[in-house]
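Listed after this line are the structures, all set down as structure tokens.
Each of the two complexes below includes subunit A, the first together with subunit B, the second together with subunit C.
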Partner chain A sequence: MKRVTFGWSFFVTLCLVIFMSVPVWGRTIKIGVIGPMNFVQGKGHWNGAIMAAEEINARGGVQVGKEKMNIELVKADSNEFLSMTDATNAMERLMTQDKVDFVVGGFRTEAVLPMQDIAMDYKKIFIGCGAATKSICDRVAENYSRYKYWFRGTPFNERYLVATSFAHLGLAGATIKKELNVPVKCAIVGEKATWVEGMIKAAEATIPKMGFELVGVWRPSAVATDVTAELSAIQKSGANLIFTIFSSSVGITFARQAGELKIPAAQVGINVEAQKDGFWEATKGMGNYVFTMNTYARGIEVNEMTKPFVETYIKRFGEVPTYTADTYSAISYGLVPSIEAVGSLDADKIVAHMENREYMVPSGKVKYQKDAQGRPTHDLTWGPGYLTSLGVQWQDGKLVAVWPNKWKASPTAPEVTYKGMVPLKLPPWMKK
Partner chain B sequence: MNIIITGLITGSMLALLAISFSLIFGVARIVNIAHTAFYMVAAYCIFSLTGKFGLNPVVGMMIAVVVVTVFGLLAYKFLIDPIREHEAAVLIATIALAMIFQEAVMLIFTGDYRTVSALIEGYFIVMGVKVFFQQVLTFGVVLVVLALLWFLLMKTKLGLAIRSTAEDREVANLMGMNDSRLAMITMGVSVALAGFTGAVLAPLTVLSPYMWMEPLIMMMAVVVLGGLGSIKGSFVAAYILGFTEALVVFVIPKGAFLKGSVALTIMILVLLLRPEGLFGVSFEEER
Partner chain C sequence: MVAAGLYLKRFYTVVRGEVLVLPSRVIVALFFLVLLGMPLISQNPYLIRVIVLTSIFAILAASWDLLSGFTGQMNFGHALFFGVGAYASAMLNVHLHIPPWGSVPLGAAAAVLTGLIVGIPCLRLKHTYLALTTMAFPIILMGIVFALPDITGGELGISGLQRISNSLIVNYYVYVGIMLVLCTIMWKITDSHTGIIFHAIREDELAVKASGINTTRYKLMAFCLSGFFAGIAGGLYAHYMRIAGPSTLEVSMSFTVVIWAVFGGIATIYGPVAAVFILFPLLEFVRFWPEYRMLIFAVVVLLILLYMPEGLIPWVRDKIEKECPRCKIRNVATRKTCRICTAVLD
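Take a look at the complex of A and B:
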């Protein structure tokens, strides 16, 4: 009896030792997807990540050294529109409880900065897919050993967002001059948020240099539900071009009320709400002719990868991907090829590989930047041949792409036109 | 002219909310923080009924007001009435109620922004300023609601009972009035007005699960500025803050986001000079 008991005990212990000492059996690569999951931005994060994980797992997983590992996603609701504490708690939970290997997502700069710090504390690679503030990447250059695990996945930083917006304003200004034969008077309307501050300063300096008269700057709250006072003041200023900088619900309010009041000015700039398929319904069709920067649009091909991604996404989720769905690119083309190349989940090795790569994604080509002193910033390169984004406009219920269309970044730069572009339209009430 | 028209419209929106909030505080001493959450529930009801079930907007509004009133009465009966004597507890309970509404809306409708069609589409021009028909409707509704409230309080037996209870609850009790029942009826009227405000304002705003927070702050500011519980005070204060907001947008466009802060600063300044609010003294004397 004693012998049997000993035998069984030995067998069970042996099984436990084997099981515990070989943890890689069936081990997965855990990727935390963090974002405001009850909002469109977070849904984009999650949907993009799901698509990437499903595709990678369907082809057998990720080759890590000699073994294949599947991707396991961990969803974390940052609730960052309402609570910064929720955002940091969600990141802390990913690190300590879920013990993820990598993180993708984040949206508002105010939340991403503390979330970045938490990820860096645990030396986990965090690919940001939402916040545009340049200073997030400046931290990498300033304190490389601590912040090197941060990479920007999308969008390019606010300096380039401004540069792209100026190209869009240039297109709209030229159209106003050509079709209405009047001087361009430009109003700047930017929501009160951190990421907008630098853009406003740059716009105030650059718009007069573009030959436009700057008639004023308005800064409504990001969640303002009534902007009729601002619109009255803008109309009184004589503006025929409005440079909009919105990422929150004020984008719907402004577009809807401007459309209802038929304010005789073209709205051009960034309006994140206008990037979504639901914008037309949200503005009850009053958002017609609103022009916004965007990453994807139906029927547009930036490169050969764009169409398959956009069409698969629409088929899977019933809508055009917003830019936060670039968690797909961050995982499929950023993280996974570097893991396979170094054959390990070691964050330091992956960072060293990733920061020196150039690779194609559905929205262009990714190349991580260095600052003027040659220090890596892990920020995205902008411009022809790299990432440019699109300029899209609502035209009678359809979101069509109007830029880049024969665009030249400088007099000597090559002309850029993506397949599927249509001409920009001015609101007809501007012509009366 | 821009400032006058914009101020009138903004003031009307604030007045609608503040008057109904003032009513229940004046009568039953209930600080209902969930007041604007009822307004949010009404707005989402209309969104569902008109958008998803295709009901006529007016029918949708009526159903929404009924639904919200029922919610309000249930909340009074099961949440507020048992703790009514403890004002701090009521305050905290109604904050919890508002949060419950917020989370419920978030679960059902997600955080996506929604909008509701206007009852009357379009705008007209007054001295060069474009004004929505819906805004004029809101302004008209404020006047009608005030007239109805005045009639209810001054010309009906119920109004007499409400005023008596507001003046001295104990004496009213001794005279055979059931103050708890009266408080419940007043709560019903107050919440119905909040629901009606939501119904009227829904087409002018963007619906989100946290849309109740911003108007709550401004509504409280209006009520405090006007004198707690004073309906007349709420009406006057709503227009003062409405005009202040409009003035900020026109005078300092770069600081348009400060319009709420400037309005609140004015409230603080007035309270420093007159701690009971604009109409607080007469209200206290009445009690």
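Take a look at the complex of A and C:
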């Protein structure tokens, strides 16, 4: 009896092992998702990648030549906000231990640069989904044979971020002139952080050229809990437009106190806190009429892919996707179609195919750029018909999109309006 | 042939008489052997990367111990020397095209100069005041880095540095070899006449002064020596990572060094080295549980410091070895009498 029991147990165990091993027999495409996984940016990377992998695997996987392959994601915590060495070790681990075929993610430029070097050492395609620094893509043009495996997935580079902000300022300025019939007086308020320096310099040079009067620059701490002094000074200066450049908690403080004091000026620019669903609650409704740049918004259709992506994401993760969730686009519309087109996982063949493609993603159309000398940079094209991002405004508890709404990049450029746009509203207390 | 035989016999006698008599020496010998022989067992690039980075940080932690552990000059801004070494090497390599063999020592020289610049005003300060003042220096340097983006690369740092070698194994032996040599030199310094004076300054500076020793000179020397070794670590780090960025100057870098040194046991040199070789790979090992990595790290450090306040390595050493009450020579813990003077061991 004992022998029979042992024999049966052995047989059942063997069957179980074989059954559980079946998926291992089929080759999978391993995609490393690297990012600061304990922070909102890394969570966006991972959520976007999960959505892409689940959708692709549900429809049977990726057709690679004659073979169907499923996507297998490998999560790598770069911890790049706290440790550069952690970030590079995570990338090395993806390359040598997990042996991934492709990588998406990365956020902080100082970490992305060495991570890019590691991926290039192993000739693996790395699609960056976070760092906006232009120099990362300049490397592709300068040393194509080494850096050609790098592509920017999101966002468009810093120069275009600045250009978009000025387009937003232009819209707000025009609205002030039209509705109030007064000259535009603009104040710049940027948190004390290095990334703001360049934007302030550019704004100081550009705002007078836009026909606005520049009344001053204010630099509160990135974590300030009281900005009433700055707000009083801005009010005294006569500003009716405030160009905000905030990525930290001061964005909440500034919006809340400006709302409480009813500062008669429109806040336009970058306010990362205002991009989040919790902003209305955090400012107790005082952040009404705050305008910021964003990638996605509820109810906006940049193209036919936007709504399904945003709605599925909200349903799955309970929030509007941030731009780092564009790992979804990088995998679903960047990598996979190119793999299927070349019928191979050969990085060189995929690069050659990808860099010449133009394809739609939920936030617009991707086209990889070439520099002035015609060298590929694998940077994203910005502008009408391509990627533009959105300008969103809080209007009575709802984050609605107000830009691009009949926007023309130049007098001869085509007009751009996305479905679901509403007009920009000025705070009613500006009209008194 | 006969001469070789004689040398071998002498080597065996030395090993038997000097190394095998104490467990701590056996452990150190094994540490050297394992590190030098590791590529013969595995050439896994990830493993090699972890050991190389561990070696760089071991130099940094030992250099902190040389200054703060031995001389008692509590430095909470050790990232300054590391960052200066990294940035100077990077600038020399990228802007002036000086190869790593020149840029790393010159970067270390810049860190020595920084040690002097920092050391002179800090001579007037002691204890908490000194610790807080030193903490400010890397922050000041970071401000300078951001103020001169054309030279320092600003927020992005200086990237595209030349590698020391393109071969994985050559790189490994260069970094590990430099670590073993530099840490041995630091240990020999602390064991020398100068080291004894460093020690004495920490215990009772007034008594050292009363003995006619110029403590100012020795304290400055400690700042410069520590700066030199930390600068070498910074230069090596920059060339390995191929970037020197503001993260090399971050406050967290300074505090991590202190945690390593305290965990391993201060005023030992080998303690901080061992601590880095335990804690840095531990953080990599717990990657399977990413959400709790830092928590596990913190719990391990807290438990060790709670139960072993002198640090892990002195605690282990006290368990496996005993000091002779008469001649102060260390003996293996299982011995009943001293191996030198035969006095009874407690």
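We take it that the second predicted complex is superposed on the first by the 336 of 432 C-alpha atoms of A that agree within 3 Å, B and C clash if a C-alpha of one lies under 4 Å from a C-alpha of the other, contacts with A are read in each partner's own complex, and residues count from 1 in each chain.
Everything that follows uses one rule, which is that a residue touches a chain if its C-beta (ideal position, glycine included) is under 8 Å from a C-beta of that chain, and two chains touch if they have at least 3 such contacts.
Small disclaimer: the values here were computed from a predicted structure and weren't measured.
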{"item": "First, second, both or neither for A:Lys75, with subunit B first and subunit C second", "value": "second"}
{"item": "Subunit B versus subunit C as contact partner of A:Pro114, first or second or both or neither", "value": "second"}
{"item": "Which superposed partner A:Asn89 touches (first subunit B, second subunit C, both, neither)", "value": "second"}
{"item": "First (subunit B), second (subunit C), both or neither touched by A:Arg219", "value": "first"}
{"item": "Comparison of subunit B and subunit C by subunit A residues contacted", "value": "B"}
{"item": "Which superposed partner A:Asn38 touches (first subunit B, second subunit C, both, neither)", "value": "both"}
{"item": "Which of subunit B and subunit C A:Thr228 touches, first, second, both or neither", "value": "first"}
{"item": "Partner chain in contact with A:Ala163 - subunit B first, subunit C second, else both or neither", "value": "neither"}
{"item": "Subunit B versus subunit C as contact partner of A:Ser135, first or second or both or neither", "value": "second"}
{"item": "Contact residues of subunit A, present in both the subunit B and the subunit C interface", "value": "38, 82"}
{"item": "Partner subunit A, residues of subunit C touching it in the complex", "value": "44-46, 49-50, 53, 146, 154-157, 159-160, 241-243, 245-247, 252, 283-284, 287, 290-291, 293"}
{"item": "Subunit C partner contacts - residues on subunit A that touch it in the complex", "value": "37-38, 75, 77, 79, 82-86, 88-90, 92-93, 95-97, 109-110, 113-114, 117, 133, 135, 139, 194-195, 197"}
{"item": "Complex contacts: residues of subunit A adjacent to subunit B", "value": "36, 38-40, 81-82, 191-192, 216-221, 223-226, 228-233, 235-236, 249, 252-253, 256, 260-262, 273, 278, 281-284"}
{"item": "Contacting residues of subunit B [partner subunit A, same complex]", "value": "2, 5-6, 9-10, 13, 106, 110-115, 117-118, 121-123, 128-130, 132, 135, 204-206, 208-211, 214, 245-246, 249-250, 253-257, 260"}
